[in-house]
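Two complexes follow with subunit A in common, the first pairing it with subunit B and the second with subunit C.
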Partner chain A sequence: MPPAATDEKKPTAETPAVPMVNVQIDGQWYQFPKGTRMIEACRQVGKDVPHYCYHPKLTSPGNCRMCLVEMGMPPRLAPGQEPEKDGEGHQPIQWIPRPAIACANTVAENMGIRTDSELTRGCRHGVMELLLINHPLDCPICDQAGECRLQEFSVEHGTGGSRFREQKVKKPKNVDIGPRIRLDDERCIMCSRCVRFTDEIADDPVLGFTERGSHTVLAVHPGHELANNYSLNTVDICPVGALTSNDFRFQMRVWFLKETKSICTDCGRGCNTLIGSREGRVYRQTPRENNDVNSAWMCDHGRLNFHYLDSELRLSAPLVKDEGVHKESTWPKAIQRAATALKAHGGSEIAVVVSSRMTNEELFMAKRLIDTLGAEHVATVPRAGEPDAYLIAADKNPNTQGARLILGLEGDLAAGLDSVRRGVADGRIKAVVTLQEDLLTPEAGFDAQTLDGLEALVVLHLLANPTAQMASVVLPGAGFAEKRGSMINVTGRLQRLNKATEPFGQSLDDWEILRDLIQAIGGGNGIYLIEDVFKQLAAGVEEFEGLTLSKIGDLGVPLIETGETVPLLERERERIAKGQIVG
Partner chain B sequence: MSFTVPQELEKEIDERITHYPVSKRSAVLPILHALQHHFGYLSEEAVEWTAAKLELQPIKVLEVVTFYPGFRQEAPGKYHIRVCRTLSCAMAGSYELMEALCEKGEIDRSAVSHHHPIAVGKDGKFSIEFAECLASCGFGPVCMVNDEFHENVTPDKVEDLLSKYE
Partner chain C sequence: MAIVVKRPKLSFWEKLYLPGIIKGLGITLRHFFLSLTGKTKVSMQYPEEKWDSHLPEYYRGAPALVTDEQGRERCVACQLCEFICPPRAITIHPEEIPSEDKWAKVEKRPQEFEIDMIRCIYCGLCEEVCPEQAIFLRKEYAFTGLKREDMVHNKKRLYEIGGVREGLVNKWNELK
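Let's turn to the complex of A and B:
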């Protein structure tokens, strides 16, 4: 049976073991694996069915009724009756006069679905009209406007007018339901996505519907709050403006935001993200689906950890210290100063502290710098923390795997750092280059007195931190949203960061600073583009062989085996296997 | 005020839970009924207690409590009167009955709202609320005083009715 669909839209069997069934969608026949939800079957052939409550990562209660479609089945045969089949082997479809929800029902042999019939359109009109009866229609002041399903479906499937002449039900507004989230009950359409998310994914079931009936309100139990570290995901999945983020609300209209695919650098998980930015400023981070990394979620801590990009401490120009005072300088002068200071020392006197928060490309350039200087002391700052049972990894550095591979670090990273610390304390190390690390933090463990004894301290960082304040030369670098590059997460997956905004002020991309510094110390190296860095990296480090930055793609590629698993993904796979969710 | 469930009642509740071997959650209605019967209403503590008993989040119990008008979240008087206001009774004069009951029972209903349906008299002896159909449509207006049922309660019978409850 040749399906009439175009090749690219033709659904394919996920696993050959699952039997296929023939389904007619809007007059055309297709094949789907048995068990496929009707809504997914329609989506796969480009017939999107509007929906609110259905979410592939959550159970399907079928309560919003927006996905109602007209459905038909083959006629029931009398005993002994032969099915009547057309030339292609399909039986005629008897259309059922009552619509069916596409989200919770699965396809069946010889089923027919009409996503654009009079009955289906009528259902959508009706559902939209009822949903809008008590909706405040406050789009001009609603933060969801522009990415609101109710707004979108109202345009696509609504009637354009209202026949409702009565009083709208008044419900609580601007309710503080947790430290990061605000609730507007009048906007809520009771789809229960947030309730299911807190029940099924975050294991913190504090949300529920009280006063069921015409006054139904979404509520947290008195005295409780929606405060778990995954709470902001409810804002993402809320199809309307009922749940809004305290951090993002009223900051920027969403249609002004430029969305850049990147990853979160808050821990070793590397959750895939979209960075929303406008005119050089990052306004929000939202999770981007990647079923090998973070499903469709991310933690609140990682999501909100970008405000330091426009901190008051952000360095805007290179600085050199003369007679104890930092003065703004130019890039060539500052690079020259750093090079001169470092060249005055032999490799045994130089330590380079490299951050595992840097991209592979930057680490590769750091390695070049180390080799050019002949530096004998190299360390990173390990950040061991507590993992959680969801996404947060124990490793708080986003690119420890990359640092180990590219810098050739082996064994205990803390011991390496300790040896640098001791070398600085006993005066063997006379010059230190620190790349994106503040040495005066508890994690790095240096103290100001010993740093003061150094003859040269070169700092590359974004912020005017205490170490930068002691530095002889300060080179302002870029933040995670300001660079293109790659990192390797705790499971060994190579993923890509993309540039959402330009580096602040005169700051430069870290790899460019390192290139210029290497050039000033040891001569030319002919690198002009980040792609060139990756090309050299791929040529120099075995694991990267054959890869380019663009080959990494938006979802990354598995690079090395680490044996780490993601607890949240394990549970999700179980739920998919049990048929509880689509996934 | 501390919330303590007497041993006897808790034993009865534990027994009720055994009726639902598949999911304890299903015992939420019988437990709430038992608690309301004993305490007269369902306080926040009662909701929390039920949730803990059934290993649920309190919000899941609150959802049930707020759904059924039969569950009270505020303390009623010694005698709680429920006046039917569904169609047959309404036509037979349940609103007049309500007025008469409030007047004779000295109950002020001015603060009653959707969220606070019960009005309690000054001395706490009587409390009153409207209820939907009490299933005696042929004999309206009808009302219930605690668990006792009264039919054909025209306003002139109110004084007699209230005097039965001391």
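Let's turn to the complex of A and C:
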């Protein structure tokens, strides 16, 4: 058995060391810090207590009763009586005939918990039977099937049959409660997780219960809808299929999905995610817990921003332009064309526009390309947006920190871009390479006329866009779910992306394209694996020293200090300190 | 809290395989001698002779989709058969039933349902796993085609083969 104290947060300057209490769980004695919830104590020693309403990030109303366990305390002593102790200093436990909920009660000195006694098992049977009385037989059409707590606990703790011979209560089904969410009231088990999330985390308390008894239904407040930008998190925490996502609804059964740990690239926060994919197609993204980045949540916008990966606009093969028309080409030919076009120009005539949406490894290869070409004009496209009071960062680029570090950009990024724009306009710049950036967007601010004057325009992008339309060579790159690499978020944390699917069609990983291009321009460079790129990056950029891609780990490592804080995490820490949530 | 299902452990004799092979060979040999001595007749002059009319109700021919007595397609695209199918012969693209449809309350149906008959091994697991009693192994067994695509049964073809099945559990039909 692991020593109980190791899992707990280490005491820091603000949180003085908490006294430990002795607790007996299923016959074995352990020590836990005072204030630990019984359910967490059991979990730490490998005894999972089934639960529905309890969620460590939310308050514990204790309403589902699934976590009932048998509990005991030491006998009450008469005045002056000496406690009777065994050889190890523990008092005998008097078991209480009434079970207690493990989620909202905390451990106490000399407490006993039985997670597998007859009483505990009986409670679980009873709770399951009552929950299933009015539950519909919807599993075949229910998106939650396969990751449904009700299914899992039916198998583990259910009775296997129904004694209910009456008519089931009918409730509203397929209810539209917001733009992204569908509610099925028959499946709801009234755990109130969604109600608490919208109230406590999203500050948008639009959900609540109406009616009474077995007719209780979850409802959205009249005249309101569940539309906040964090609404889809309720789908994740709903233990059953009562809340389902319109986007993912009926797309794929969850047991087919391969889950890849990655990060969201929609803004500079870099929320940790799981990408659910099957046979080369991404079906959904869900948040992955990281208490230094996104807690257990992510915003709806970032979560749903992956459909472009298999949209009609995806470029599937390298293109070269001959007599004004793009023709499909092969990789060696397209790379050669790009290299020849760029070699014809001196460094002062070449500009490279690099995207801060690229990974560190790609940025490093881009830097190599810049050095090989001797290009004197380098810029990124800054994307400033509105931050919110939760997770969304002001910086809409996921890797601005990485771009600054690796490309050595300093000061105002917008000014750098402006100077490239002016250079192109006045004809000083004759060749432009743009990496994963469309130059004809309002953010980039180039105009088609000036780009038309260029002698060479090489575009690496994953989608067809107006700039690619004008390019002499188009190199199709990879999307965020198709690559392994790392990025640095706004708080300076180095995090890792992993490959969920293969690049679309003939497109290649960006770093491979850049490697081949560098090779065609300047000769061999001995890079065969993404790990090699990182190795060279670690050798070349001081901040990365001593790191490897695998050392970054699933939760990332703090790399640089930026002074940014995450409003949502600040509030979470306050709640933990007040003892409102476990965290 | 995923549930871990343990694979059954093979015994020593099962791991050896040989007893099974010897037993199988024994059965074949017995039939060989029985037919040599004329005690049984097992050869049939196919295709002139066919045993179609003797096929039992439980015959395991091609898997096909069935509709109920009200013409409702029983399959709700739960994809359990796709999951269980050992040679991965089944591909299902689910879709939501539009709200104006008569059976909108069922919510889900297959937009396309394909069974690759080159892959299918006629094991019947799809029929066994189906919670909606929507897929059955019927009596058709002779399929030919000139191209691989010809051997893939799409939803339309599957309903043609399957036809109507009456008297099954009808959980969607009670008034709701």
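Here is the rule we use: the second predicted complex is superposed on the first by the 567 of 583 C-alpha atoms of A that agree within 3 Å, B and C clash if a C-alpha of one lies under 4 Å from a C-alpha of the other, contacts with A are read in each partner's own complex, and residues count from 1 in each chain.
Rule of thumb we're sticking to: a residue touches a chain if its C-beta (ideal position, glycine included) is under 8 Å from a C-beta of that chain, and two chains touch if they have at least 3 such contacts.
Since we're looking at a predicted model, the values are computed, not measured.
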{"item": "Three-chain arrangement built on subunit A, subunit B and subunit C clash or fit", "value": "fit"}
{"item": "Which superposed partner A:48 touches (first subunit B, second subunit C, both, neither)", "value": "second"}
{"item": "Touched partner set for A:531, first subunit B, second subunit C, both or neither", "value": "neither"}
{"item": "First (subunit B), second (subunit C), both or neither touched by A:376", "value": "neither"}
{"item": "Touched partner set for A:249, first subunit B, second subunit C, both or neither", "value": "second"}
{"item": "Between subunit B and subunit C, more extensive residue contact with subunit A", "value": "C"}
{"item": "Partner chain(s) touched by A:140 [first = subunit B, second = subunit C, both, neither]", "value": "second"}
{"item": "Subunit A as apex of subunit B and subunit C, Cα-centre angle in degrees (nearest 10)", "value": "80"}
{"item": "Touching partner for A:543 - first (subunit B), second (subunit C), both, neither", "value": "neither"}
{"item": "Touching partner for A:388 - first (subunit B), second (subunit C), both, neither", "value": "neither"}
{"item": "After superposition on chain A, the shortest CA separation from subunit B to subunit C (Å)", "value": "16"}
{"item": "Common interface positions of subunit A, toward subunit B and toward subunit C", "value": "none"}
{"item": "Residue ranges of subunit B in contact with subunit A within the complex", "value": "44, 57-60, 62-63, 66-67, 114-115"}
{"item": "Contact footprint of subunit A on subunit C as seen in their complex", "value": "1-3, 76-80, 82-83, 94-96, 105-108, 131-132, 171, 176"}
{"item": "Touch list for subunit A against partner subunit C, complex", "value": "48, 50, 137, 139-141, 145, 152, 155-156, 170, 173-174, 249-253, 255-256"}
{"item": "Subunit B-facing residues of subunit A, complex", "value": "205-213, 215, 219-224"}
